[in-house]
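Shared chain: chain A. Partners: chain B in the first complex, chain C in the second.
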Partner chain A sequence: MLIYELSLATVVCINIIQAIGLNLITGYCGQISLGHAAFYGIGAYTTALMAKAGFPGPVNLMAAMLLSGSVGAVVGLTSLRVREDFLAITTMGVGFLFLGIVRQQERFLGGELGISSIPSFGLGKPGFFGLTLILVILTAAFSLYLKKTWMGFAFEAVADDEDTARVLSVNVSAYKLVAFALGTAMAGLAGGLYCYFARFIVPDDFGFITSISVLSMVAVGGIGSVYGVILGTVLLTLMPDFFRFISDYKLFVYGALLFAVMRFAPEGLAGLPALVSAKVARTGGAP
Partner chain B sequence: MLYVELLIQGLIYGCMYAMIAVGLTLVYGLLRILHVAHAGLFALGGYLGLLLTNATGSLLLSMPLAAGLVGLLGMVVYRLCYQPILDRPPYVALIASIGLFIAMEELFRLIFGPYGLTYTHAPLQQLFRFSGVTLRAVDLAIVVGSVSLLGSLAWLAKNTRTGIAWRATVDDPQMAGSFGISVLKVRYLNFFIGSALAGIGGIFISLLSNLVEPTMGGVPSYKALAIIVLGGLGNVGGTLIASLVLGVVEAFGTIFIGDYLDRDAIAFGFLILVLMIRPQGLFARS
Partner chain C sequence: MNVLLDVVDVTVNFGGVNALQGVSFQVRDGELLSLIGPNGAGKTTMLKAITGVVNPQNAKIRLDGRDISRMPTHRRAQLGLALTHQIVRPFRSMTLLDNVTLAAGHQRIRSVFRSMVAVNRDPEHQKAAVLLQLVGIDDHAGQTVTGQPLGVLKRLEVARALALKPRLLLLDEPLAGLNHIEAERLADTLVQINARGLTVVMIEHNLGEVLRISQRLVVLDNGRKIADGIPDQVMRMDEVRAAYVGKEKQHAAS
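And then the complex of A and B:
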């Protein structure tokens, strides 16, 4: 039983790293991405190939971050050309492009069948959970710190109003690229961890649905707020488990809840206290 | 002959994409919402068309009936989902829409089962031969159906009072409103027509493969999103051309570079390529 809970906790941690990465791009810098899972996938495939070639775990995770981040910066270049909804669809396209390439590469990437029998990280299940937990704390701390730095302010300016930021001589293009590189590097790290966790990866793990679920975690938690994102991720990752007793309906409930949160609390859970107090204030506190 | 057949296949798919994409681009043009749940309505059209045809035995009767029902549901979707969150940042409506789409897909699976349904007597399966090219009646019906439907829609938009009001609202909602046009009515009309067309698109694809399944909306709708961006978001004419172009690019792409990229990747690779050269889409809105 404990093994099961430990696995669940590890998955939660991996998703948090992924969501914090997306929050950096979408929440801090205001650049919507519907293809985050592609970078998660790049991290996982890099780690898988290197692990099978015999490289040690920490090196592989570093490589995963580096490669994902570099590809992320290249994809970030598109955000200099297209904005908002155009960018959303472009990043969605990047996700499908990644999937299409992986699916057709049977020789190197295993095609539809994926990559199996990936060597273990060598810490055992509790040790590996400890590692992911430490990495979650590091990413969250970095993300919180970033918000207070000059760069964090610049991100906020870009998110608020790109053109005004440019007039104020904020180097908008550079900050966008940095946001993409950092955010996707985190996705790469999460992918590497997932690869060691599952030790078997297939293309579908990194499809559009995954991108959407990560975006949902960020949006449900409260876009831009690190604590909100963590809360949202924990809730949405564990939710299918809460609803195990209605197993056949769990995805239906998931979709309906996603819709309901956006419909009734568009700021996400982090904005809920403010929403409630505003309601109370409007009715004068009367029931 | 291979090239001619590929071209025809591409155009058939293009027509189907057009049926979905027109509704999406109409919604985008008016409300600036990426309406992912449109795909759910597309699938619903397929299901209703198939169920009604199996029950009544007449496709000609079921098609308008199914389209009408899907259109009405589209209006309900607007009222319940989008109207209350119109003033929010665009990602709110996008994620709400995705949630709704997931819920709809699951509902189809729970009600009609995961394996899909087929026609008891698949209509329009006769074969025709034109100097070496073999076509099914379905293929012809799809092309003729979409061209005549979209053509009459264009005519209505140009020549009737409602159509003029509609175009005025898309161009400038505030101005149209101050000239006495009910913007709300135009939005409802928009959702009705767009959803009905998507519903018919769903019936077309169910005829083409003689199958409706819960997940049938997914891939065509993602493609439709790519198409409306290619067509210059909100530009109906551009969307129609982009649908046909994408259909043909896909058909030829799978033959020539199918070893490296699958069908979806070809479509989206093409999209990214075009956007990097023309960030406003192939046909920008004036």
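And then the complex of A and C:
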């Protein structure tokens, strides 16, 4: 593979891990998050600082997951207190809070200039791509497994109607916290991988645009469906590369896409076959 | 007989509306009690206060001697309270069978961490199928909730509550939306379940069935308890008649 394609494939893998994490929170458990990039950022900054301090790559990635997941669980606490619309605002706030901190903190976090000369993971480009690919497969497999467990079943109930879930003995708070912790830990892992991929991070990598991009990837693919999310992420990650002009209007294009999906095909690409057949049936067209 | 549920001095205000004002009553172990009263009397609010869905301004609620007044709803459900909704609340993303299966798996989802390693749903599917059959909607098991008639969704509520294996079953108008034959059949089923030892509290407007199957009545009107006793006596009380007749007059006038 050429260097450029290899880089692109690595970025796709990193985004998939991030999107699968958000899908766990939003798709499985029904909790909106507009600040997912903050956890991606926490993972990246943790990894960067630890790598520069000389810790080995695998340890740093673990630490990134742990720290992101812990902060995620704390943010998840707010989801216990507030209703959906307010959760959107709270998580957005967390995103901006994170940005504010990393921008202001110059001594340790590099401020606007970010952190550069991050040591390599030590596998070379193809090797590092192999690692991210393995981690994508593991993340997707775990996510698919989770859907089959009783935890996944309880998530479904919470996403569907949390008050009814409570009456049926589901500890809604605990399940939401676990969804936040797991989903944000995955974002932390993705952030750690991104840090080793770019070896130079700046606050803007983890801004609102990134949060909206991931949300678009999840929504376009099909909220809740792992395969749909993978497809959506691949499409949306490659799109700006094929159509250069999109990169300049990323927020606009993704925002419009997000709106269009929510309005016309709430189940995303994963729900498209069913949507089309239903349309055909309604208009009386050939089956 | 032992007191299973002891409800003391429940007061619930919604803004300016006094839905319940200092209502107390007891449910004895093994009985089938009906909670009746005209529209807006506070019956639904009472069951919601018992299950913690509504937060009362004041209340002391004991289940089997244990104070549950401050417990969250899911804890009360784990301790044996099951509630069906007057306005049905099925999980719309699930089939009827899965609605009941989830409740049948209440032990599996009790611990969040154990739920992460539990995959097998077969025993719960089987339990759920039996319960759907018991309430007479097994034909609809694999179907989604959308488009089901009210009578089916009402019985789904009952099956789902039974799947929790409760100590006390709280039913909010389980017969509404059922035709005459379906209502009679479900009422008979409730009697059988009660005879096997499950304590039942039922809100119901279908007075024919209420009088046929209840062992005791509690009557609410305007947020107050106006009667409590065996059905024949309660129905002969002037206050009870007045509450019903008064409301009927209001209905006729409007």
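Brief remarks follow.
In the analysis below, the second predicted complex is superposed on the first by the 263 of 287 C-alpha atoms of A that agree within 3 Å, B and C clash if a C-alpha of one lies under 4 Å from a C-alpha of the other, contacts with A are read in each partner's own complex, and residues count from 1 in each chain.
One rule holds in what follows: a contact is a pair of C-beta atoms (placed from the backbone, for glycine too) under 8 Å apart; a residue touches a chain by one contact, two chains touch by 3 or more.
Given the structure is predicted, the values throughout are model-derived calculations rather than measurements.
By the touch criterion stated above, A:V94 is placed in contact with chain B alone, chain C being left untouched. More residues of chain A are in touch with B than with the other of chain B and chain C. In the superposition on chain A, A:Q104 makes contact with chain B only, not with chain C. Of the two partner chains placed by the overlay, only chain C lies in contact with A:T149; chain B stays clear of it.
Applying the stated contact rule after C-alpha superposition, one finds that A:L189 touches neither chain B nor chain C. Contact with chain B, but none with chain C, is seen for A:M262 once the two complexes are overlaid on the shared chain.
Per the touch definition, chain C reaches chain A in the complex via residues 51, 53, 72-74, 77-78, 82-83, 85, 89-94, 98, 101-103, 105-106, 108-110, 112, 115-119, 121, 160, 164. Residues 26, 32, 78, 81-82, 84-86, 88-90, 92-94, 96-97, 99-101, 103-104, 208, 212, 215-216, 219, 223, 248-249, 251-252, 254-263, 266 of chain A are the ones touching chain B in the complex. The touching residues of chain B, when paired with chain A in their complex, are 28, 32, 34, 81, 84-85, 88, 90-96, 98-107, 110, 222, 225-226, 229, 233, 258-269, 271-272, 275-276, 279, 281. Considering their complex, residues 146, 148-151, 153-154, 156-157, 159-161, 163-172, 174-175, 178 of chain A touch chain C.
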